[in-house]
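Down below is the structure, laid out as structure tokens.
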Amino acid sequence: MRSHRFIMLLLAVLLLGAVAPMAVAQDTQTLTVSIWGFNLDVLEENVFAPFEEMHNVDIVLDTGNNSDRLARLLAEGENSTIDVVHFATQFTYLADQEGVLQPYDADKLENLDELYDWAQDPLGNLAGVGYTVNSLSLIYRSDLIEDEVTSWADLLRDDVAGYVCIPEMSTTFGPATLIMIDRALAMQELDEGEELGAINYDADAAWEALPQLADNLVTTYIRSSALTTLVQEEEVRLAPYASFAIGNLMNTGHDLTAVIPDEGAVGQTNMISITAATDKVDLAHAYIDWFISHDIQEAEALDLIDSPVNATVELPEDICALLTCGEMLDTMIVLDQAEVSARLEDWLERWNEVMVR
Amino acid sequence: MIRRPNQTRTIILLVAPAFVVVLVFFVLPLIFLLSQSVTPKEGGYTLTGYVDFFQSPVSRIVYLRTLKLGLIVTGICVLMSYPAAFVLARMPARRRTFLMSLVILPLMTNAVARTFAWLIILGRRGMVNQTLLSLEVVEEPVRFIFTETAIVLGLTQLFLPLMVLPLVSAMENIPDDVLEAARSLGANRLTTFLRIVVPMSSDGLVLGATLVFTGSVTAFVTPAILGGARLLLMSTLLRQEAVIVFDQHAAAVVAVVMILTTLAVNLLLRLLRVRQV
Amino acid sequence: MVSRWMYISLVILYGFLLGPFVIIFMASFGANATMAFPPQGFTLDWFARVFETSQFVDSFWISLQLALLSTIVSLVMGMPVAYALVRFQFAASGLVETVFSAPILVPGLVIGFAMLNFFVLLGKMPVMTGLFIGHTAILFPYSVRVISASLRNLDPYVEDAAVSLGANRLRGFLLVVLPNMQAGIAAAFVLGFITSFNNVPVSLFLSGPGVTTLPVSMLSYMEYYFDPTIAALSTLLVAFTVVLVQTAERVLGLSQFV
Amino acid sequence: MPHLEIHNLTVSYEKNQPTLEQFSLDVEQGELLSLLGPSGCGKTTTLRSVAGFIRPDAGQILINDRDYTQLPPNRRDIGLVFQSYALFPHLTVFNNVAFGLRMRRIPKKEIHDRVTNALEMVGLDAFTKRRPAQLSGGQQQRVALARATVIEPQVLLLDEPLSNLDAKLRVDMRQEIRRLQQQLGITTLYVTHDQVEAMSISDRVVVMNQGKIEQIGTPESIFAAPETVFVADFMGFDNHFNAAVVSVQDRKLTVDWGGAPIELRWRSKFGSPQRGARAEIFFRADNASLLAGPEASGLVGQVILHTFHGNELRYLVETEIGEFSIMQDSASERFEPGAAVTVQPQPQKWIAIFEETEPYA
């Protein structure tokens, strides 16, 4: 009997403790940022904390992968509490198509002119500003795979069966992976001295090879972090990887070799956009301007987080080698998002049909 | 129950507040979900969502796979629980209380933590593979993660208590006399178990099977972690349709199929229980 | 009747039920950052990491608040329902019982999805409010069922006795019924708290910017990192649960209500 | 003037199926009146109506000439003892008994004195600090009694108070209840389905059936002279047969029953019966004796079996008008199964009842 009373008392105390903090009202303004849940500790130190102090604002994060966050943004529409979003180009494009973004005002972005031309307005309709660039190429366990990996088509090789992992079709690099495999298969068909033509966005050859590729897979990945984990746990030996994951991949301590395949790497810009639902337009612009400023771009690059798009940033050789910068910016393949997006719905369905088996 | 006339007003006062909350925030969303499943993006009312669901190879495979794994998990749970539940039910009360609280423990722990353990156990460098390698049963580590085996193992551990608990409480109600009567009439232990204990505890079995099966076919965390992005079950398909493909119409169809499946299983097994009584 | 091979089955059962906990426990003290088995060395760093990871600390407080609040509200609102179901005969009792047990029958993920879509329809709703409503709704079955069970154990005539001695109905309830339901209420509380605290499927859909529950943040952490921090956190949660469940079991006999 | 008056009480739980219909009853000051009947006869409904837990569809309940019908139960000043005792499990014996006094805002000192006094009266003054679960059934019963009487109620209601006790304790407790009731001089309504209990404890007994009163009277009159078939059945008349009326005198009548004609008392709700009418005849097992061999004075039959009951043997005898159960002193001559015997009546203790509407051929 006495113990019951004691529990009741305990519960009462717990309740008070739990409810009390909720009653404390919050005065400071907030800016809700939708972003990947990757490297948040570094971003906090480099970007968020100083920005919060400068503008007397609390940054609230909504984290998740591109599609997760886009889905929520679309579902919430006008009611969304999100003010700015970080998306890969493809998802900025989709979001813009659905009308949940508002165009930025170039006059409010002092640092915009410092960016490479292609980063200032990647979609050509002011839907967002490119703030970092990354690329997709291949990485493999050079200690466990004997024959050198040189081509996107090596993902289909028998000796890597059961150890391959590729990005989901629904992710930024899903379509890119398939298109590059198609390009590799096309290259194999070429006669001596013949040149590879334009990108074939239908990727028929790759689709034909997909069931064979599926047999090689451990699984597909949606987040680069998942790939890192799988590599770390020795589940995966060969995979296409996004350049921003290189630091984490190398940290696994395994014998990994990153290669730019013969067919080339795929370049991709990440963008920041302002949502249509926000009423904090000025603060949102300030946030973007801060992110593309020389100091932030440099700090992020030196921490191997984001490859800079601010042309005024100059990086040491060794850092540049690990990022998407320098010469690579000129050689990488950039896909036409309109072409990719037009096929995406159909591709997702076909992809699932192959992958589900 | 005390019979009292003129109580309607009291009952309404007692039930109404919570009833309204459940109605508005639970029943209404489900009705809205149902309507979503018959109103595609293009507008109008149609059942094509359901037709598509059962015609598309993707969802059909996922649906059948989900049911298959649910059956396997239920079967394993029955086999593992039956003899053990019998031992538990025949134990002295104090020891049983302690052991039963250990059975409850997994139920009370969050599914993420529990499923996480299987990643460590089943990984290429995990416990199972290390053992197999050192026993030289295999040369290369075997892939378990992202396989149906992994999901089955994870789900079994998750839902085993839901089979053990009803079985034990059903078997507790079998008097010792009945078992002794069977033995005295010439039945051996196995016969007694199969012909007396099993039929007399069938209520618990049916209840347990309902809980385990419906739990397995609707669980999310385990297939999400152990099945990965590729090996989809209904729950992970729902999540994929909802947040990755953002096709709310298709997601609603998946959701409704999940509800109907659960309800059908519940009804079916409830009928089974009634018939036995 | 109980033969040796049956005992073996008991050992297998418990091995299967509890083995994974042992593995988590071991992994949380292993020194290397990978999950290779068996773990090498010994360290408490991963436990420190848990408390340094703001995502865990923040979501723990959110989960705690959410669980306490929704459990209490579902109890306060569910108690009259349980009372009506146990003490009165009425035509709609079947319907009431069905409606209040429905949240158990409908898959959690479906509830979360349906609620998200519906709440969006209702307009701008703070994330915490949505989570609170969702959790309260899914807890009703537990509070109604457990409190009903405890009410059934109480002689219905004690209330009449109190009334015949001069107490009005409300006083009779407060002075006589409530004190005798303490154990049931506490059991319902523990059960509801744990259910809410561990819930993934509903929280998964209803979580939002800055407001994530602990299990959901564990899930998303696992998508980004795969290190023993999760094992350490799991160990802490299991320890927390063991203490809670064992206390509740010893004091209240929780297993009779599950 | 009666202390408690019930006028034309009608109660229905379901529409048009009244559990009580036009039920009226008066209880005198200080009287103990039992409501006796099988379950579902409406006795508990009557009790709960008096207590106020049931609001009747029609009718009135008066105590001391004051209309109680619309008064809520907590303002009625009525002591109620429940079949289950309904003690408060979380309160000590003292606090259980003090509950009603606290509700009445009696000063603390007085509460203490009255509770102590009440517990002394039921012999539980040494148990004040115990909780109900630590008491035996009989002790719990006493606490319930003390709790109901300590508030000095206008009327004491007891609902099957002894049915949860074992046989021996039941006898002790009913004496105790009777003693307490007489000591306090409290008007009491006592509900039971046990006729022995009702007989032993009551000033008057009301036999109820299907919401109506079958018979009211002193225990002696009901025991000896049931007025209806139902009451005769219920009061333990073991044997029953039909016979034709041969002639009717003033208070007696003669029937033809297979033995020599016998003269019986009769009861009828429909006036005097006529010659030729069928009478329902009842007698108890100990109101007949057995003689060896066929005798013209009684009814000839054959012993089927006998069972031993200490001082008595109970015979089952088959006759041409049915099987009868007859009790004999076990010291008397013993008849084995198959023996031919004569059932010799004690007609002064037998009774003929006319209940059908047309017994007067």
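Residue numbering begins at 1 within each chain, and the chains themselves are lettered A, B, C and D in the order written.
In this section, a contact is a pair of C-beta atoms (placed from the backbone, for glycine too) under 8 Å apart; a residue touches a chain by one contact, two chains touch by 3 or more.
Small disclaimer: the values here were computed from a predicted structure and weren't measured.
S.K.: Whose C-alpha centre lies nearest the centre of all protein C-alpha atoms?
M.R.: If we average C-alpha coordinates per chain, C lands closest to the whole-structure average.
S.K.: By mean C-alpha position, what chain is farthest away from subunit B?
M.R.: Relative to subunit B, the chain whose C-alpha centre sits farthest away is D.
S.K.: Quick one: report the Å distance separating subunit C from subunit D, using the average Cα coordinate of each chain.
M.R.: 54
S.K.: Taking the mean of the CA coordinates per chain, how far is subunit A from subunit D in Å?
M.R.: About 88 Å separates the centre of subunit A from that of subunit D.
S.K.: So, what's the distance in Å between the C-alpha centres of subunit C and subunit A?
M.R.: 36
S.K.: Using mean C-alpha positions as chain centres, tell me how far subunit B is from subunit D in Å, no decimals.
M.R.: Measuring from centre to centre gives 57 Å for this pair.
S.K.: If I count partner chains per residue in subunit D, which residues reach a count of at least 2?
M.R.: Residue numbers touching two or more other chains: 53, 90.
S.K.: In subunit B, which residues are in touch with two or more of the other chains?
M.R.: 2-4, 119, 123, 125, 242, 248
S.K.: Counting only residues that touch at least two other chains, what does the list for subunit A look like?
M.R.: 72, 75, 222, 233
S.K.: Could you pull out which subunit A residues touch subunit B in their complex?
M.R.: 67-68, 70-72, 74-75, 162, 168, 170, 217-222, 233-235, 348-349, 352-353, 355-357
S.K.: Taking the complex as given, what residues does subunit C use to touch subunit D?
M.R.: For subunit C paired with subunit D, touching residues are 154-155, 157-158, 160-169, 171-172, 175-176, 179-180.
S.K.: Note which residues of subunit C are touching subunit A in the complex, please.
M.R.: 34-36, 55, 61, 64-65, 68-69, 72, 116-117, 120, 123-125, 127-128, 182-183, 186, 189, 208-210, 220, 223-226, 251-252
S.K.: Which residues of subunit C touch subunit B in their complex?
M.R.: 1-3, 5-7, 9-10, 12-14, 16-21, 23-24, 27, 34-38, 77-78, 80-81, 83-84, 86-90, 96, 99-100, 102-103, 105-111, 113-115, 117-119, 121, 133-134, 136-137, 140, 156-157, 160, 194, 197-198, 200-201, 204-205, 214-215, 218-219, 222, 226, 230-231, 233-234, 237-238, 241-242, 244-246, 249, 254-255, 258
S.K.: Using the touch rule from the top, collect the residues of subunit D that touch subunit C in their complex.
M.R.: 51-53, 72-76, 78-80, 82-84, 86-90, 99-100, 103-104, 147-148, 151
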